[in-house]
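First chain A sits with chain B, and in the next complex the same chain sits with chain C.
And now, the complex of A and B:
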């Protein structure tokens, strides 16, 4: 049994952070909150999403009595959700609060926003991609930057090229994109950033993905970029006033001849 | 020059676009010789810098080779090594012909200028400076140079056999005898003059139902750079004889021919050429500054023209990269 009440803006922010990478996924509902880990269909990006129960105004979860008693892991249930669809509905909700109620038997999620009731059919978890493993990565460099600054650069970069280079050169963090004709570079010194591990490295990423991700992080004040040389990019940020955490992982493009 | 089996081959017209993306092993001496004989002033004087050094070959390399690169073709230049002793005769004859042509050219310049260009062309020769200059320029352009042990064409054919290149570029057909599966001609010619064409050894072999060994024997009968051939035997006759008897040994046994000097040695040169097996193809990068220094400052090329061609072959600014899968890190 799962029943919860949450601020509509908070829920929208969460869903938007998910749809930046995947349209659908297996949402894990447990006593301590919601979790999701999913890889995009092209196997290029991954999202890890976590929302604590205290992000909700109301949160009730009980594992159904018919569940295996011997289950050692904390009781949880997994539901397949089309986040894209949910996001569309939330957009027209116009209410302050959203009520959620899960009917596992019927495989439906009932959402109510004020007088608008919406029944979402759940996706068969078996039809969804397997949850990816937890990556074990070590990033030599970490940069914390104001989200607005990052997003503004990405918006400009999109007009110029397809790939973006993120790198650190000594005390400077830079974002660079080169098109056929033009070139754009944002260089920020340590003092212009919230945090920077000095180093010398860079990786190249598909701008399509970075741009999609930048939409998903729009509500966070700051983002943490974890970087390496020809290495995935991990972007961490908070949602729901710090009661939720999102990590995006994006595979690099490797320069070749 | 080279073996005259033109009557047998049926080159198929192609285009630079069709060869785009392919690695072409270019017979360097063959190409340089073309540049030196063709790229001349109307009275036959080769291009020269202000100190009188010949620059026709450099002009060819910078303008025509870059044209290949602009079309996505990846040239590798293969330079001749030490010629076979059997070639001494031909080399001597060529050098005599050149000297004669040079004399006639000087004469023609004064007496009948319209003939001058022809003689000038025939007087073209490759010397050590020309080879060195060419290698220097190619290196600055980022084009690999490979040193053959003996014949450049043999080395080029070997590289194609090994799969390190896809075509041999040469004007003469010797490379087929050396085992090139496919060759292309007229690569460095201006488009207006001659279209590139390709010859596939397999097609040739199937058409006449002959093996490479038989083709080599045909060549030996009519004459190659390594032997004079038999007087009175042309391509057609040679083809007929070999198709009937399959080898020079049998021709001798059947008394179709009386004697032919060194045929086994010559055959060996073509079928088992002395090649550099440990060659390396090193792709460099264009060094614009050095190219300009070498051509414009040392050899008086127009900076404007050189800049223009270099622009065309400059590596693409946009990075060539490949998207990795995230799974690699999970």
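And now, the complex of A and C:
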């Protein structure tokens, strides 16, 4: 049994952070809150998402006895959710608060926003990919940057090229895009950032993915970029006023020559 | 099970020429496949991810596959094109590209691809609908390719393009399943005939082999139609069967109708359900008592048979169904009964089935008739019927062994089809070219291919006559939609449009690699009812050539 009440803006923020990487996934509901780990269909990006129960105004979860045998973890239940659809429904709006109620038997999620009730069919978990293993990674460099600054640069970069270089050169963090004709570079000194580990390294990433991710982080004040040399990028940020955590992982582009 | 285990066996099978070795290799693989994965392995070996009773298809446009390959590898448009032109199929091209070029990005998923994951991903590509679905399909394919070895990538792409269907033959798969689980191949074949699902049958062979014999027809699940060989003369029938059963050969669409109490389902020969587009037929069938499966042919009919093209406007129609039902009346000719009130009749001789059919459908309606047939030893009588068929506007005659059993999916010598002298060939369009003069903006010149001895498509004719202007305009749009690439004024197109071609004669020629060419070819009609799997092969071309020589 799962029944909860949550602020509409908070829920939308969370769903947007998920749809930035995947359209659908297995959401794990447990007593301490919600969790999701999913990889995008192209195996290039991954999301780990966590929302604590105190992000909700109301949160009731009880593991159904009949479902227990089917699930691996006795303290949690897994439901297949089409997050794109859910985001569309939340977009209709009309209320400050959203009520959620899960009917596991019928495989439905009831959402109610004020007088608007919407029943969402759950996805068959068998049709969804299994939860990915998170690769073990060590990042030599960490940069904490204001989200707005990062997003503004990405928006400009999209007009210029297909991939973006993120790097650190001594005390400077930089983002660089080269198109056929133009070039864009943002360089920020340590004092212009919230935090920077000095170093010399860079990696190249697909701008499509970085741009999608930048939409998913729009509500966070700051983001933490974890970087390496020709290495995946990990972006960490908070949602729901610190009651939720999101972590994106993005595979680097390997240059051909 | 890892996909690698499957593709490794597939590669070995391709490299062997001995049928027995091929069967042994596959049977070893099947034996170690876990039960729940066994159906998937069978489907994938055949290159068709759905069972035969399903009309669903794995459809992903050629350009999407092309884009996905380029999105995961460092390969230029030009290099991919060169690789493609070298092999003529995208699967072999991707194998070469993957061997020579690095991937653009590492995959975050490091575990090797399993058969189950690959199958689920392909299933998703086949079933995703709605907005964004094209982007999502492409991304799923990118994910598969991103974690694939060159062999695996080839296997996946060939499965999507349909090239895999010419890989491991259905008959060999049946034998491999029988060998793997020590069951009688005849029993297995029979089980597959009634179930139209090789995956299900394989699983039963593994888990409960003793029940294989008891499997029977499932009402509502389409069977593959029994097919006929081409006969050269009327006498062939007598020669083979002594007394033969003659029926008109109707120039329409083959349908099978399942009636379960009040529930009527009408299927095309590709197992696509078209019940909602034929409401008046459903209504008439509902009035007939009994539960049954009948085999029949539907034709557009108003006082006399109308052009086959009219039928296309009715089958699969979703909107204005009633209006078109009035505009284009149809007639259904029932010629076989496969199941009646709980009893499967596939082991009942044709003559008996015909008798039962007459008792089941006692009151034919204006729209539903039992196909006329005569049982005779006399070629004079048969000749009269043949002439009658042509006078009435039908295509020719069917010549059937009155003792023939119903064998779903088999093309045998128990049933023969006879058409009048003017021969036609069903060929697939592989390229289209802009015409000249007033057709300079229309793709009006088509290049056709037959299937050569190795099962590959080979060009044999070029034609530009036969279609009406409106049809050419329609087809121009259609061909642009399935174009793979443009070379000057020519488009190479997906190999899916089958055309019935008339011609004056077949000539030996060095113009085409197959060694034959058609004299004065022109298009008779587009055969939307046929797929590229059903085109005439070089053997048929040679047969007609031989007949021509004899008769001249």
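Here are some notes:
Keep this in mind: the second predicted complex is superposed on the first by the 249 of 257 C-alpha atoms of A that agree within 3 Å, B and C clash if a C-alpha of one lies under 4 Å from a C-alpha of the other, contacts with A are read in each partner's own complex, and residues count from 1 in each chain.
Here is the rule we use: contacts are C-beta pairs under 8 Å (C-beta built on N, C-alpha and C of every residue); 3 or more make two chains touch, one makes a residue touch a chain.
Keep in mind it's a predicted model, so treat the numbers as computed, not measured.
When both complexes are overlaid on chain A, chain B and chain C end up clashing with each other.
In the superposed model, A:252 lies in contact with both chain B and chain C. Applying the stated contact rule after C-alpha superposition, one finds that A:23 touches chain C and leaves chain B untouched. In the superposition on chain A, the chain among chain B and chain C reaching more residues of chain A is B. Look at A:127: by the touch rule set out above, it reaches chain C but stays clear of chain B. When the shared chain is aligned, chain B and chain C each come close enough to touch A:44.
Once the two complexes are laid over each other on the shared chain, residue contacts for A:137 go to chain B alone; chain C is not touched.
Contacts of A:84 after superposition: chain C is touched, whereas chain B is not reached.
Contacts of A:178 after superposition: chain B is touched, whereas chain C is not reached. In the superposition on chain A, A:232 contacts both chain B and chain C. Common to the chain B and chain C interfaces on chain A are residues 39, 43-46, 132-133, 135, 206, 232, 249, 251-254, 256.
On chain A, the positions that touch chain B within their shared complex are 39, 43-46, 132-135, 137, 161-163, 165, 178-180, 204, 206, 231-232, 249-257.
Listed in rising order, the residues of chain A touching chain C in the complex are 23, 39-46, 84, 127, 129-130, 132-133, 135, 206, 232, 249, 251-254, 256. On the chain B side of its complex with chain A, the touching residues are 283, 317-330. For chain C in complex with chain A, the touching residues are 71-72, 74, 101-111, 117, 120-121, 123-124, 132, 136, 139-140, 142-143, 146-147.
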